[in-house]
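Lettered A, B and C in written order, each chain numbered from 1.
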């Protein structure tokens, strides 16, 4: 469909710009397309949850606890008598919010540090990269656990978690961006720009970043997946978003009760599968993007 | 390339060596345990011959039972040092108290008898011939040793409160005396204990466990809690002796043939840490003979053919406290100056709003009952419900009526009641949070009850480690709060409900309350008359029931699952009967 | 090489020093302490708790506390666990063998599985088997380890009853016997597979692609032209070249096992360092939390160092200094 459109409307020259090629490659990748559709559905459903269901998600319903799936409750109810399907939607909202926010913060911050370090080099580079190493050398999980139990209760839970995870995960992006910039800045056009007195900020934003953008995009997709996992894992262990907030990780926590794990799988399997399929689809999209943005690949 | 590969292999190999060296520690201790294991097996085969003599009707000899601990013990296997409930479960099997408590928690003689005329000087007489597991005979000196260890400045356990009332204990702790002057050894089997003053409850508060002097010879008090005598080879005077301890996983016992109440029927006991997730399966497969369990498994376990569930009244109760004042921790004084919940009608309405029966059935699976006083019903001081004014029965209409009358009405039509001044009114409710997700549910349910009568309610889950600290500090966020206490052998509630007590979390200041609690301890009023004491405590419960500084919610039952082959186990308010009376039915 | 390693190790000292400050401040900033969670009128009284806080030095100035801790730490004294009332070092030593056993088993399973699957897929690319392995790999990469653990317990422990769902060993067996080790093995397999799933997937992928790459190289063509048998080409020539880069991942494995152990041990209630850590954070047993965090940080540093060194050995083009 895309090619058809292109041949009618767009002139040939524009069609073969690197981005257009990438887009075409991506649209041709079936797995990535299916994944995109799936992910979009999950995102839309989650964020429209308040409009889809009108049930008060926090209300405990004694007498309706641990019901098996039925037409009233598509996925049954949990031990508090709350509808699992509704909570799954709301849970997705929290999990995806955490994932997206962290990814956004990490990408912006990591890119900033990485590009400054890479472009200026020398002393600045040294200081910034030492700091990055320092952050990277923390055992991630261990520090998130300590940090979030430290902040718990002082600030609204979800944002604490976002801040903590972001604060400890920007190191990887910074390193990658730095090395890309290092390579890129040796190009003659940069030297040329410098020689005519273009400001550093302009060189970085106008000339260097667009060239490392593809790397950043791929990184961001993978990060998004990692961060959803991080939220879920931490919440599962009891160090993530507060218990009263539904998130996929918090819903999975109920499987720590032997009775639920063994006899009431409808309570924990849906959030488990939601996590798995979301991560899978993000990974496929990431793979698709990587292929699409790699000029050498010809799939 | 080859050379490099070689280097890699060396590197990896040296890593493995390092790791192997680390794990060696555990295997070297295997040898010692093996010996124990062997002697244990011999003991079993010795007793094997006796089995046939056992009669079908009476207790049969022999057999080993498996008892499940639901979490790992901390490893402080000496009654004088432990502080953890799981450790206590282990200690029960190998050590005995000098006195014991009956099913109403009244003291009874055990190893020792006592006599007193004035509640100040007590004479304790020990049974003769009671043996420690190390072969030594128990004498009063072992008890003196225990008390002086606890009073020692280097002692790091939590029992000082049970010793400090002995005359001269404080001087001993301060280093002004070489011994506790109030302990007067008459003979090996008789001792006179003098307290600093006569009290109604001196005996109940006294530390009545001995500690083998011989065993701890040469160990400094500061090193005791970490010593092998506590952690690896603990000894006691109980019916079973420890043969093997795998830290954090299991403890094995064998029968102590010289036990002072007669040799146990069982050959041995194995205590295993079994995750609650596996307990049901293990019980079903008859792999397990006895375990405590979570109320949520009650239905499933009581349905099993091969398992019997023993139930007994418990000693703990839950309540919802109202914040009524503030506490000055430096001066140790509380003032009742927090306005929000001062109106007793409001508190009463909030009590009537809660369907306690439904709540207990849902979250404790029927293994509990609503109560109307901060004392469990089975305790000997507990007041009869008929003597109490309020029964806090679930009646939302009544609750609404009370609120209407008290001026808590919805004046701005937002669906929630405002306070009598027309200001927005919102109840904050705090509950502690652990990994247990049902806590949030049960707390949320309470706030829903209040919302159903038109009171806006917010729930805050607070980390369990922080919870009581916040209550002690009187944190602004803790307005109404969930709490639980247990009652011990001594019913004196001063530490919990006296106006200036640190743990009187509502900061409820009431003269009558303080007076009654003081009277119940007053020698001039009570003397040695326990009935008189109960009378005063009933009056105290009536007062608290009328004033409602907190809503008593429920008391819990204790449950114990016992396999059908294990016989002779009894459970009451004071706990299990002595394990030397248990026996295994053999085919 | 030696000079480089020495320099890296020296460089770790200021890093560790910084980390120690961070760890200590974090621990001290954590609200509550181990004594607060144990309030119980039958067991404690307010005086005792206050006295213990004084004794443990919780009331000293923060700098004094830090100094005490660091001096002790350097001398190998990690302090006392409030909860267990024993030396932290003893406590850690008690749990360490379990975690090491789990880690080693996980590595072993990872390498064995990755070798088998990678070699198979590499030799027969684009066949059904290869696609099957590829699919498995995708799952291995995508399923978070704790979700995999829950599903694994549900299916393999509860539904199929193949593996125990918790613990490190069956307590009824005698220590030191063959049964004992078999029981330990039986207990460790499920958590080890879950722990190693991610690495297994990435190794398999790596090995497969590398074998395919190598099989197109000149030296293979030469060997084939000389009439060397197909299996010999694959088993000797290609495999040797493909396995070596794999070894460089060892350092990263150490790092990932550390993070993984925390979650995996908690889910399988496997009595190791990870579980001890989570329990200690929950109960605010500071000295244990600080010691384990420091230990993990050191291991991460060492793991990264090993990774870099191995990398330098395998690929001499990468200049280490």
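The definition used in the following text is that contacts are C-beta pairs under 8 Å (C-beta built on N, C-alpha and C of every residue); 3 or more make two chains touch, one makes a residue touch a chain.
Predicted, not measured: the structure shown is a model, and the values here were computed from it.
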Higher-contact pair (C-beta pairs counted), A-B versus A-C: A-C
Centroid-based (C-alpha) most distant chain relative to chain B: A
Rounded Å distance, chain B centre to chain C centre (Cα mean): 38
Separation of chain A from chain B, taking each centre as the mean of its C-alpha atoms, in whole Å: 47
Inter-chain centre distance, chain A versus chain C - centres from mean C-alpha coordinates, in Å: 25
Contacts with two or more other chains, residues of chain A listed in rising order: 149, 152-153, 238, 256, 261-262
Numbers and ranges of chain C residues touching at least 2 other chains: 31, 282
For chain B, residues contacting two or more additional chains: 275, 277-278, 434-435, 463, 466
Of all residues in chain A, those that touch chain C in their complex: 133-134, 137-143, 145-147, 149-150, 152-153, 225, 229, 232-233, 236-239, 252, 255-256, 261-262, 265, 268, 272, 275-276, 279-280, 283
Contact set on chain A toward chain B in their complex: 58-60, 62, 65, 79-80, 149, 152-153, 238, 242-244, 250, 253-254, 256-259, 261-262
Touch list for chain B against partner chain C, complex: 1, 4-5, 7-8, 11-12, 19, 22-23, 25-27, 30-31, 33-34, 37, 72, 74-76, 81, 83, 156, 158, 160-161, 225-226, 231, 246-250, 270, 272-273, 275, 277-278, 434-435, 463-469, 485-486, 488, 495-496, 502-503
In the complex with chain B, residue positions of chain C that touch it: 31-34, 36-48, 51-52, 55, 83-87, 93-97, 100-101, 104, 164-169, 171-172, 174-176, 244, 247, 250, 269, 271, 282-284, 306, 310, 313-314
Chain A-facing residues of chain B, complex: 275-278, 280, 296-297, 300, 358-359, 362, 433-441, 444-445, 448, 459, 461-463, 466
